[in-house]
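Please read the structure below before turning to the comments.
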């Protein structure tokens, strides 16, 4: 008898049989399958009570009402508010992604002070007290030295209480340099000033218009208040209203229009004048605003009749004269036609000539200040704060010329010309301290190199950004604002609306990090700087200021979430007929109506680079959150490569093919790009999206594509100081 | 060193040489195992598969080895059911190759599924409507049968055979082998067929969809048929490679030629059926959903229509003609050309019916995507090859695989 | 009496998408991702491994400048009824583990993530590419998991997922109905996230069988069509376009076929 | 190195020669006694029994960890004091969702201050109410994340009693030990106390099959095309 291998074999077989007859293998198989349902690293969202908080979106000037779904104390989904006058339940991709900003990795979590070189990303955390004291000390020193006017602020907007507090701060402190980021409204303001005699923005009653003629405006791609525009488009479709898009590239707006008229880029003004020619020649205009006695009409008439016949306009624009004739008749014979300009999102300015030419069409159609027409819209009416005392230093400072020149001399009609900021600083105008509020100028202003050079000349830059954006990264001190979902703020929606709405952003969740409301911060800085600045800020905090400002409307704002009461929001100005000046008070009209001479030698740069706006690429203060960048097509962004759109004809002329690499060269710089062939773009053009090529933010956005602003520059409109550059000459060389 | 284990009367290479050989194959195997572990622990993002190539190299390899492993069931069917007695001289090897093919197929499936720990759901939560369920059950059962068919061979190892118990098992298994061969043939018929059914039932994919008989699309029968036709060719091919490596004749040429002849006729009939199927599909089935034949083959940036020509003419008609004619079979170069082309034909067919099914765009506004496998996919696909080499080497060295070996290689 | 019959009748939830209104803005895609806890990766430009339950396709008419036209087409899961509308959608019957199913009560094709073991056969079956495989582990940046909704279970690597017509919204609405002692929902009580978000109101959602629902009439529009109807997949998503080339792009036609 | 030097004949398959070869290493000697097979059987039994013990006794002990509830709650005591049965504390919300385990806000109506002399109550008031912390209750019936369970459908629509699924927990004076499955992280109550998965009462187990069983019997809907039972998207999300 001995224990041999067979015994062990037997033991094994017995063991196996026993195990098989026990729950062990079966339960393990089941449990391991259940384990795979919920790996330790897979988050399981906690359940809880569902509530909704009404608020307003601040991610663009659109001013949509939002309803945020919460589970317990977490915000889980942003939806549009039904019945809100701006968006009535609709919402855009960016607005939907707000929670990725709130809870995202790009948040600045506490005040930061630069430790390394600018842009290096080395920071030390400091307390709010230290940060505010430091800013106040610098401000005090500058004021003492009589250099108060060297303090400037670039803000995303000049509407609403928070920008107004900053503006008030500068005014009482002694600086005229409150600037807002450029947009087509700068152009509209100057145009209105010339033609109507007062500064106002333009609003459009598009829901009631019956013929829409768009000169390159991305009506359904983010122009004006984006959701409202898409809703308007749906109502046009339903009512069979004709939309004509004049644009050199088949944008989505062009694709959705009833008629797309491709035009040589930059010649939109000529088409408008050609249309005016036909309308005047055929006496199709209405007399409400233009009649022989109207200011400048005779001069305008003579100019368009002699210089802008459909024949000559065909030569300039490349549009057949028959098309021009027919379009003019269609436009003028419609009941409530409206002409709109402002390329793409309308975030870039246009030349004064283009504005006046397009506004002339509206005047000829007699639809200014009427249902379905164009309205002049004043600034919000509800901000009426007590007057403040200015001391001598302040008064001296505020009287000085603005850095961007706005309001002075030949720029006398402009409120803000931030497009001139970088050039002015680089030419030696001093800026000692810059506040950056809800804007990203380092990224968003054209000619990035010049902007960066200008920033280098500014010794102290304070960013109020909630996010580590391109400008915050290049600042010296970050005083992080609450994200809009964590704060109270009035949100005036003025972008292109004829009847503006003011909504209220309300804290949906408590602040996630050690951030502070920018409104509170500027009040604290004012108090720290001391009298007389502090006297102009009598409020304990921003909340008190806001409630006081809203006055008896506060309750309604809080309950409804918005107010469209004209007495409270911006007022549409009553424009009395006959007051429209078609000549713009300009002695020599031909100065207005000259083609923009783009930068670059046409021989070295035979192509034209055209930046374009896309709904899926946010290009304002906020960059694309992960969800939105996910929706960008692979014909626009592939890996880290940006694709430029060119016509197949352009490609074959340059030896390029779909997906191949090329070097895109402009007088401002060059970049490696990939080629996307698109039949819908005019040969000879290269189109590149705005909004990519961020150097800051998270890995979901940073380093993807090229910032088109690095390749383009500004071009000053001699008549107004506006930036008239709609593109730049370029060349594509096979890489 | 291991001489006691080596069958009597045959000559084997020295142990060191054998160890070196196994070591080399083992290194490749380890590489594959490493890739396999990567796929298991990090997930299928290790591959270059994507939503247009959800079925890719692995599933192709899977279907190809199953088709080629069909040599086992068909040779068994011929030997035990039809009674082609000569084939007893190659049946052992056919079974071994089948065993390797099927075990490899199961392993690849275990890597290919996204949640390997839930793999058993296919049995426990089986959906009777799914062709894949049929595949899983038949495949597993047939693998069991192959194991039973392979076991007696192991038991014939000189040392194991000395144990009376094992000897008796071995003996008894031999007695009833015909039953298993019949079961195997039946199961094989079904799972080869249901593998064909996998693409054939996809009525959302006009490239794959075929009409058919009752619940079975024509691809069901074509798959079985092509496996029966090309499987034995693979057995012959591996035998030939083994002979080249061992520098020995292992199976008599008449056996090879008999199998080749049967294969030839099978391929011939299969390719006629395949041509009819393709013609009917191109003329009737596909146009009914708005597709011309060329719609499936244009826009593909790589091979276009050539893959169809390769499959049907070069790897179908040509080997059939070679193997059917006596002249072709008698000429060793022609014979092996025919055999290789036939094997390739089955592989190309499986490639087309697996990868293209998902990649051919159906929506008019989608386009072909290109795919190339990642190294992890390649390594895990080579893993079964290395495993097969090792198992064949061990079996050849220690088991009496080739009954005619001694006769063909008398001791000098 | 008639009303009651209507209630007894099985529901067929479906969608009508007006392509004339759709602007391609992408709000539906993002609304879907935000509603359904859809994960994202650093690089989502490889569209073949990018999970987008609802994907907006860009169609062009293929003509050169200046006759080029573009149309956007949002594609959720089509919730096919299959041949004869018996519920044998292309994907459902092929799943070996019963992880996807068709409900005769709602007409919705379900996907049970915890049952799926990732064989991807259903993806091969679906001609619309509406099914997505989780090639990667879903990972949210630190803190971002806070916005995840408890109404939709978070998926795991290695399984297939797809649009559910926001079925959880039906479940939640039914919860409320039961609590209030009702057994039926009003049309507006169950709407998908994309329908709700669409700024253009291009998407209409409801019970195709219920004559009281907007979709019931809309699907009969003369310009209405479905994708790949010739395959007899019987989708429950209808599209409306006034442009002929768009309608034609919805299916495959032989070159010899005239409309 | 060994050389194949054997000269014996016959390696063909199917030979029935019982002749043992040379007595090389590893060979098994003939004539092994019957006593050996006794050992073989003994070892089989040892292996069999040991693994049965491992599978049935040791394995469950290893699989589940035991966790104590933060407060030992007395259901029976509370049930006496309230007027509306379980729903007095386990509420439905306005939107029809089920609030589940009560939050402190509900408890403080009575337990703002310590009422009686129970040490558990004292702990609750001092540790949780005073510190405004929610009690981290361990929920025995917590289902996996993929499950959508509608209390409204079962309680309001179908009029089911709580006891049907949760058992007579209302009669308990003390909470049972919470056993957590170390692999899945779920409560043992889901699989059931019986490791073999055998249940006597309907509330003994809460696996999908248990739901399905009742759904098949009571609801009787056959909305699923694949299973001819009720559709998956009734309980799954």
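Worth pointing out:
The first chain written gets the first letter, and so on, giving A, B, C and D; residue counts start at 1 in each chain.
By definition in this document, contacts are C-beta pairs under 8 Å (C-beta built on N, C-alpha and C of every residue); 3 or more make two chains touch, one makes a residue touch a chain.
These figures come from a predicted structure and were not determined experimentally.
The greatest centre-to-centre gap from chain D, using C-alpha centroids, is found for A. Distances from each chain's CA mean to the overall CA mean are smallest for chain C.
Centre to centre, using the average C-alpha position, chain A and chain D are separated by 56 Å. Spacing of chain C relative to chain D, judged by their CA centroids, is 36 angstrom. Separating the CA-averaged centres of chain A and chain C is a span of 32 Å. A straight line joining the Cα centres of chain A and chain B is 62 Å long. In chain C, the positions touching at least two other chains are 46, 58, 88, 93, 95, 98, 113-115, 137, 154, 156-157. Each of residues 95, 97, 144-146, 226 in chain D touches at least two other chains.
Within chain B, the positions touching two or more other chains are listed as 115, 118, 121, 127, 129. Considering their complex, residues 46, 48-49, 57-59, 73, 80, 83, 88, 90-91, 93-99, 115-121, 123-129, 131-137, 156-160, 227-228, 230-233, 249-255, 257 of chain C touch chain B. Interface residues of chain C, counted against chain A in their complex, comprise 18, 20-21, 23-27, 29-31, 33-35, 37, 40, 42-47, 50, 52, 56, 58, 60, 62-66, 68-72, 113-114, 137-150, 154, 156-157, 193, 196-202. Of all the residues in chain C, the ones that touch chain D in their complex are 86-88, 92-93, 95, 98, 100-106, 108, 110, 112-115, 151-154, 164, 167-168, 171-172, 174-181, 183. Touching chain A in their complex are the following residues of chain B: 115, 117-118, 120-121.
Every residue of chain A that touches chain B in the complex is listed here, in rising order: 29, 32-33, 35-36.
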